[in-house]
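Take this structure first; my questions come after.
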């Protein structure tokens, strides 16, 4: 009953097997191997256009390097106030962006709103040399609250950004969850909706360590290979990252994995909806749930071996407040979650 | 006949197997898993003292983060002029050190000398606010020229550094080669000789992607965990790095691998010593060779499938100059090099 | 009728005269001249203890360098949400602090509160490697809202910071206004109340360009001279900065200047209090006023030559909201403001 | 007999008077005052084309900010090995350039040579992501060895840089000396010869503190105003810098000052040429001299009050080596040096 995070799971056997196979062969270093080339093709196929792909080791560096690509003196990144870059990356945007400032905005249900984004831009009038200038807007898809942006929501926000000369980044550490939750084509919630660059996560959905920065217009990636090298993110055995993505993207494996995680998340949501001792704080889109749980029930599931984290989110809907004796917790299912785990949790929860 | 680099090889089956096993289990994220704990113990055992270990993804980031730990305004790193940080890391020390300046010094046989190091320090008088102040000396072990520092050489240089208030870093991307070449205890060429912190490489010797920053005095590592996190080098599935090191260090596997690479290097050196068309430019310590090869012979081996790089090294001994018609090349053997490859190379070389 | 800002005024004749005198003599470069030594003594006398003083050219660099002295990976600066470092310095803290993150907190009347500061610290639990760690708290004295921290208020906030291992910085761009407004000894609202380092402004109160970073414990200033040099803030003709401070601090001239500005501010406040078309939004402590003015009156004073800026402050008291037809403006008096200007303004304002 | 440096002199009375006048008036802050506008015109007139001018406080920041304008990951600056940025700015280029690396090249008589510059570029093949990529070449005019680049020398070097996609910066801390020494139009040794941006110094030639970054193509200065603001170099009383440049450039005052310094330098060179106890190490172009002086004579002039610095320059011509008993010293004359000082020095030198 591990609901702590999807990064507590191991890795998909298919992904591991691909790495093992590649390890028998080896190949030219620093991403010049054939498998990396294959993976570049897989990404272009996935997104229905030619893209530029830069595999890296972690989500934090994918975000930091992608955002830093737009850095200049006084540069500001507009983000949801609970975005990973503001809460879980200790100054990474500021550091890799050489002084770039992430500014947190309020949202609704974990998502930036058009009005909120416009207001964010208005704090930084064009031409002003004192306040800073927004150069990129970042959206987290799936959001930190387990919700998703619909294609038209992404498009509205991207339009606002582009009109004001800012680029659009998507933090897709849980992109696969969003795709599984929405049931849309990856292209439809990215470049077709105006996203310029994204962090494409694999680790939370069955890879060992595989994240990638994807530029939807390869011409805009100029210089990024050096930036990645400088950051110590050009792996000499590049086939190790490529092998993961090859297996992950091949044959729709990534959506199988994410689909399972989503289904387990929905089952878990149903358990909570039916519970007398717990209730959802926000309606989940896929595999990340926030729930208010009665303290005695929480003690009970933990005693039975459930792992789940207490949470503190300021972006819950205004009417989602814990009642006396309730605590807010987060539950995340993954590709490895089993129906038995969910069933056991249901049983224990009710006591 | 791949002699391009030891990072062109695949990975050791034992290492891959360990990763596959760990991937079945998963575990708590960000290095809080039990296997990471085990690996910390393995490192302490290896170095015969309690050390602080921080696994990361690449050698460049291991060097950059280790050196940046000593950064302050005006900080200078003294290094051999052909050190990896000066030649193959495009501003990484400067970037992660927030303006830290690596300064290249001349050496002999790829190694810093006591006199050269003293002269390096003398360019930066203490208290001067204009020139910069050396805060750390970095030694590459095995060196970029395939040679090694003997324990007393390390000790002499470390003594000079410590007397002047500077720390000592060892770039051990090929540390295993050095240990295999020297036949000494790891402790003897590191902390017992005065090394304060090192980059401990695994990737070039059979791992997939496993490097580590090792502080020999854990008290001096304060704050490093956050620096690693900020740099996007705290892998969420920390057990993936730990599993590699567990297999790599367990049962002396790392020295088996390095010993094999060294033996293949020595066989290859013997081939070249016996050749009429090639000669060593410098006596190798283990698995990295520099040789002058007649151009026709070079064409011949390449036509037969040998992969080896032309090289340009300003740190060759003064009397090592190519004759008319000779080219300088680098040949690297690895854990995966076979006796057949060496034999085949010998055969083709002579024509 | 220039009420735009105190930095629109020229410079005090005494200060200019001192510069002219020093310019006849010249002297050793980079702050090794005798006048710089004299000024160091003047600062120590002013603060009733030995201090370390580093003159620089602007308030932005004084703040940035002072704060960066406490930087380390993941470092956070806690500040009022309208602090100059957050609103008027475009990423300077982030840049000079090499990724340091300033975090804005709510306050009351432009001032941080003990409860707000405690809550700020609580967002960053000690030992957490994801969120960042507060290393310094900055207080603006006089505040951006024209109010002042009383000695016991500074002491309460400094105590909270120190208990949590953070240093305390004071942005004193208008420190002279605060001293004039409060009528206290400089020592009482700085080190005696727990301030560790401050930006001591002279420019807004009659100097040409004279700011200084003052460390109240000289031992904590180690390395700062190099940081200043690296930042391009060690003026070769150091006597130029020293001459200004010599005249400014000598014979209490700085308090004469600030006292006059405060008196003009109080007269102007009286004018507004008596007005039928304007009212104060917050009670001013000295020479910086925020007022709601009826639009027709605002047009009238501007037509008559008054220069004053519209303002947008989110930190006004909750009950200070503009009525229909009112606009918020800022008015600043200075050492050069005349009684005639104030009288003329009064006359024109009422129409 | 102050020959320590031209920055030991006071300031030109005309410059000081202009500051005093401006201080009576004051004006809009942050460079929006009318005098700053006038000065922009003066610079455009001086250079015979429209230029973009950014006054700052010191030469170190003029260099650092100008160079950082071309920074990107992996960026390299090619410079003479004794350039100020490498010897007297403790990591400023690295810091402001966010990891930019200055690389020192050998030269002749303190000047880069075409062959040396080409060789410098060849160390960094285009497209290579490991070694770094030169983005800007910096030339010091007048050089650190007191020599000057002739227009055709600048043009040759600039041509090499531009062909390889790099910009050309001129460190003109002593630009006035170069112009006075060469007797050419400022345009002829800057943009007409291919210089893209320069640091235009005033401080060493009679200003209090006045340096400026000049972009010869204003369109290339985009974003620089924010960079300057972020660096804490946008002075609120911008008229203070403008007043200096107004007086300095008006009526050719700057060349009067530099011409006098040059004449004094030539007289001093004549004294040394005629001496039995001293000889020039290199032929000076204007006011900065390097000489070998017999130790007894050196003691004698110092006892008589002469201030001059011992020097250590590796860029002296190969045949310029001190004889037994000789020491290398630097002597700098300035706008304030008197004929009496030179005559007195001549007298004392010979004993």
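General remarks:
Each chain carries a letter (A, B, C and D) given by its place in the written order, and its residues are counted from 1.
Convention: a residue touches a chain if its C-beta (ideal position, glycine included) is under 8 Å from a C-beta of that chain, and two chains touch if they have at least 3 such contacts.
Remember, it's a predicted structure, so these values are computed and weren't measured experimentally.
Its C-alpha atoms superposed on chain D, chain A is turned by 180 degrees; the angle is given in steps of 5. Placing every chain at the mean of its C-alpha atoms, the farthest one from chain A is found to be D. Centre-to-centre separation between chain B and chain C, using Cα means, comes to 51 Å. Chain B has its Cα centroid 35 Å from the Cα centroid of chain A.
The residues of chain C that reach two or more other chains are 73-74, 89-92, 95, 98-99, 129-130, 133, 226, 229-231, 234, listed in rising order. Only residues 30, 72-74, 98-99, 129-130, 133, 223, 225-227, 229-231, 234 of chain B touch chain C when the two sit together in their complex. Here chain D touches chain C in the complex through residues 2, 4-5, 7-11, 13, 16, 19-20, 22-29, 56-62, 64-65, 89-92, 95, 203-204, 208-209, 226, 229-237, 240, 336, going by the rule given at the top.
For chain B in complex with chain D, the residues that touch the partner chain are 73-76, 87-92, 94-96, 98-101, 129-133.
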